[in-house]
């Protein structure tokens, strides 16, 4: 594209970064906002630290103080490295702040400029507003073309900037009304936190694909967060989820609730339960950890196998492996040890190190594995590259048999709702059956949990309602609840959602 | 103002920085552009290095390559530190590039954010454009309010961004036409270099207050630059000055010239000759060095004094001191030695060092000065703080008498055309007569060159034409050729220009 | 002390660094060396990365190349951040290299200068030698005084520099003989890797307190390493442990073995099995992971309790918790979740963050814990501060009961053999009985494994042989196998070792 | 050599750095010390800043405080960048400090490690001492071999470390006596500042080749400095020069003077007057500026030429050009303008920039030069590379004639006394006559001042006393007053000094 990119602010993508592993799906973002405390930005920094797993590439905070106006800081790298010093935090005074951690999905991928880092800020006729979102606006390119045609100048290549421009051009008098105007034009899956000089605003799209929760600190302070684990870190009390399609506007006097979208049956993202959310979060009333353990239980029922050990692929496979062990009675063991000193910064490796691949972050517990029949429990298989390397490590260490059990159904379709997925043809499950994948990976057995099994684990005893699915499971089913307008314009053919009853 | 400022990108102002000395006037910017060479950005970097005296705070380059589109790099600090590495320069490929060095005037002063660093870039319906300017748009705030009211979102607090937004909203089809549309709305003193994907554009305001010259490299490559010294560094040939009120549009086929403004009698800035331009530049057909030497000659005629030595205040007083010595026959000598290792980076001094003040960068040649009657030649007196310290140093070293000769008339009025001046009341000459200043500085004599003497030195044998002055000399005369609209709105009372014949 | 410390090279100690947690014992060092490969330094970097848990403060590598001589690089921070770029690794050419990771014990603690970072290098009359060690020389101060008195000038405040000076002053002709000369003077617990221009040397003290293993890559390359996990990362084959009291000298022709010390019955460190070594290492023929799981089994037998869940304190309590669950039949669960984004660099926290304490790195899985009777398995209790915070988190989350089970006996005595322990009075177990500690921590029960139970877990079915203990367990028993000379000089009273049979 | 060099601490040499221009001779060092003030290190920082022209590569300060002992900071780069922040200066408390700026001569040239940066520190039996020196120890390699053979371990590759080791091995009781012991063993040209916990020590070699002056602040504080300009910056009063062969020991009670060397007739370096010292310093009772102006006067007498302009090659040729103009009556003019933004940090230039060579820092004042007969006055010709480029620039600008006048005699011999000179064959004057050099440089005339003329300018009306020269002028005459022992061992044949009367 023809947008200029800051030569200096490129971020090095890296194959040895355990958190940018290209054989995982990546959540693009976490959002967090606080109103009513002294030095809100400090709370936001803590909240973002707890949400770091939702985006490690960059983070930003905007704060507002009655005397010092809006101030922002946006940086590449971890929250812990950027938003902890007095020097930075003192520049973000005030009782109201929002923040964002991002993993790039839209924007110049792998090559994000600092100006693509949220929150975005715009000055309008009646005052400024900042906005951050988690998700994806599926008609962002169409909107962008229209806005540029009318003379708007974009600062970034991010889809969320559209909302700011739509707000700037609204004829409404106040910012919440302008946001409603803007929201009526955007399509997609998104959770928004926004702020004016006096208000904290939260929005969840009509289907509630992406999560957003409301919390309270003491009497008069309020919090919006992608997950409950970020309420815990600041000692906030969980109040409720923001409802699908709801817009909450919070100021000193309390909360107002609006429903700016046409009502639809909610379909929140089921992959949040499988992988994205932290195990200590509570999502849709379910403990994420317990759901994952239960997936292991279901897997053990659906796909039992005679073996000596159940080992998680660290760390995301651990809860399901515990469940599998408990249901099957096969002992749980740490067969693979993760090097906890791997990190973002293992940059520019020598060729020799690059070729060592997965051993840098994982090592086999050789004494344990030798001669054993091993069940490996992993959360998902995307491209299959990591699974293959792990299998080789296990066999090199002398395992007698290797059985993979996967805590999600085959990932066969890309996500267009704010999750970074490879193109369809790169998804192993898009072109191979389970047995073909097993042969490809050269393991003794490979089984994925069924879609119904997964639904049972998240608390739907009857499994998936095929006529009106309870969750967005497009990555497994190809059933896309929101038409991916921009992608269609580029020729993507998607499997149309069955009409809801 | 309520614009958010990046917490991280503040630039430390510093009293010991010889180049940010608050007792000098500061040119805000230098501009440079090249079309038709391989790796134009390298040429721009060299040009900006030669123009560094026009702005040390920050610099930026935008380049365009047919395959790689627009790319930019903008940094705080010197060109030599930012735009010399392969790593940076390789990100700026292509045959067309423009650049900018800045000393902040508008924008958050002393506290510039990187987003205020030019060139600015905007994507329009028919393609992108980048723009950089030297000068000041005197109705920028008015335009900004209007544009925000219509839904434009500003990225920066710089006045030049208005031009980009006006262009974005123009109904013209091509960018040169859009720029003409935009230029008709802006008032002020400015020299612009801009670029589209295929064209290099130069504009000088109707009065030609700020300089802009055209150069050529070999057959097919063209250069625009604030000064000729930046043509020399890349071996370019000087072709001509861009005319006051002219807009040149250069592409592979040559140069087109337009006159988008109403014609007016030119009045270029006379202070460029006194201080801003480099002595090795040629300005309005005059050698800057020779003009300054001639000022010294005029001064010696206007204000002779019996003394032993003529010493320049380094380094800007040197040419006038040479001229004074030659005219008066009093020997020229280096009475004050400048420490060449002072620099931008002498940050965060201890209190003790702070109190040592001017000695850090200047030292008296004690053995030379002792017992002598010394004439000190300086380029200007702004607040008078430096003059006072220098006088003390010279007397401490045992001088018998100290006589100041100043190579410009008293600076009594602020500049609104792109030069950083203190508020009027801080200008020593705004409240004191020459004799009062002498008494204030406690020197044996103090004389400024007359306005007519200055005009003679720049090549007007009859001196200043009071009914229709040949130059903009508002800082000396209070005669402002362009109405400072925004400042008037804030209550500034200026002395109206006499109607030109 | 009066040694000058580089003002610039101080390392910030930090309470939120999970790896510098002052409620753990810290291994001071890991050592690694390779001979016979191309670019040995790359192998050393990988080995040190695998040994990073043994020291996170700093690391260093010295390499030798026949044409380029000795070269070194020593840095604060992680291996992954310092020894992975081409720029650094290319400066360390050659087929022979040694390296070191350190956690400061001696030297200016918390305030290490880069010159205290090993390996140390000295040029002798017949050529240079570099040396690195893990452990502690208990008569280092006495030796230092003597050497200074004779005119040696110390570069560092590290005890290992004594060995280099003793070697420099030896009258022996070759370096291995000089090292033997030097070793006869030093007392303590240490594993050394050293190198000359052509030889890789390994030494283990007479008791074999600190570990050192020998590995092989292909036919002609050899490796020395603190642990076997660092052989795995480079694909080296485990050959054997270096024997207590053995000195191996390796060159192109193979390995020579010497026994420079008076023979003694070995007593390797039992705490390596409990905490220091990585679970995927094999130590004294035992799988570290399996030993720790077995400690959990023993604990469940020695100290059973009726409860709902067995939860590890992450991550070091995990293997013992698995064993406890398996032996007791009480389900294993992840009750405490560790934030994997904590790290070294969470520097300079705001006061607010500092007060949040342990929550930054640990969060309770609230949905799981509520109403449950929870057994928490941790590896050790040092000061008790962390245990107390964890107990509070668990109770805040609504646990019905909290039972601590500790995978080591009470740590009642400081270690003088290369492990960073607090002063005796800061060790909770030095002043309290088990029941007093339980009351202090305000938990429902607290039980440590017995010393005999620990010996059984490490493979001594009859437990500890009180007349001639099989391991060094001074931190539990106060039975110090090597007289801590320097500490005695400072007044430390230690419990003398019972005479071995 | 086989000494390990820190991979990280290499300093990039750079052809575009005006201060590392390889066509100049370079002074290796400046030294400075203070006793008796609060926070002596701040004074040392200021003094080193004023001495920065004597060494830009690196600087170091050691301070001593009764409570905090010795502390040091040593850094690459400018004083202004390293020794001005509170953070650094607060780590250097105490009333006694010494410092050093260096340009590498010995040590790994162009590749200095931080451990080669002075002052050096050593801990002896009776306390520590720090030492810094300017000059060169001509038998350093011989001493080093001897000391290593006896078991000393060197930290650096610098010759001054020998003195510390000789002191450490002395049997004398106090440090001044140990230093005398050490000084008796070293040969060469050196000015030393050293410190113990309570004493500031200054030493000048027997011939007084390198300068060292004594100053006083108020009543009880004393200063040692390479030049008087560094007394001025801190407001210290000049007391006297340290005498050739003198050792001064200063403490709270005053100054003791010793003469540890065999008496010899002094021969201080004449090149200090020509180039090394700052023009505002007073050296041997002479104003350096006035001496240089007088050299110009002598040159105009010895080598007159008919021309239009006298132009200095900036900046070092300026005083002589002024003198030449005054004596000849030919107008002085700034024909060459120096870009004051060149600096250390113009690193890693693109190939294109590299080829532009000297234009980056110098530009011709074209309007002035065109058609003129120009006399260029430069301080010296070393390799002749710069002279040639300057000549080309001047001719390109249209000069009618170019005449070079050089303010020193032909530099035909290398310096072994602390000045960085190329090997003999690289010195233009070692192989060519004056006329051959003129032809080589292709200029209309080229004349050097005669050795006698130079002596007259420094105040010897009868010129050089050939039987017993008043100065060290070995670089011009090949008459080396101290036998360069190490260089002889390497085969250098030098012209023996004529026996003094």
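Quick notes on this structure:
A, B, C and D label the chains in the order they appear, each numbered from 1.
Keep this in mind: a contact is a pair of C-beta atoms (placed from the backbone, for glycine too) under 8 Å apart; a residue touches a chain by one contact, two chains touch by 3 or more.
Here the structure is a predicted model, which means the values were calculated and not measured.
Listed by label, the chains that touch chain B and also chain D number zero.
Most remote from chain D, judged by the distance between CA-atom centroids, is A. Computed centre separation for the pair chain A/chain C is 38 angstrom, with centres defined by C-alpha atoms. Averaging C-alpha coordinates per chain places the centre of chain B 62 Å away from that of chain C. Between chain C and chain D the centroid-to-centroid distance comes to 50 Å (mean Cα coordinates, whole Å).
Touching pairs of chains, sorted by label, consist of A-B, A-C, B-D, C-D.
On the side of chain A, the complex with chain C involves touching residues 39, 42, 45-46, 49-50, 52-53, 56, 78-81, 84-87, 89, 229, 232-234, 278-280, 282, 287, 289-290, 293, 315, 318-319, 322, 326, 331-334, 337, 339-343, 345-350, 352-353, 356, 359-360, 363-368. Contact residues on chain A toward chain B in their complex (touch as defined above): 1-8, 10, 62, 69-75, 88, 91-92, 115, 121-125, 127-128, 130, 148-149, 151-155, 164-165, 168-169, 197.
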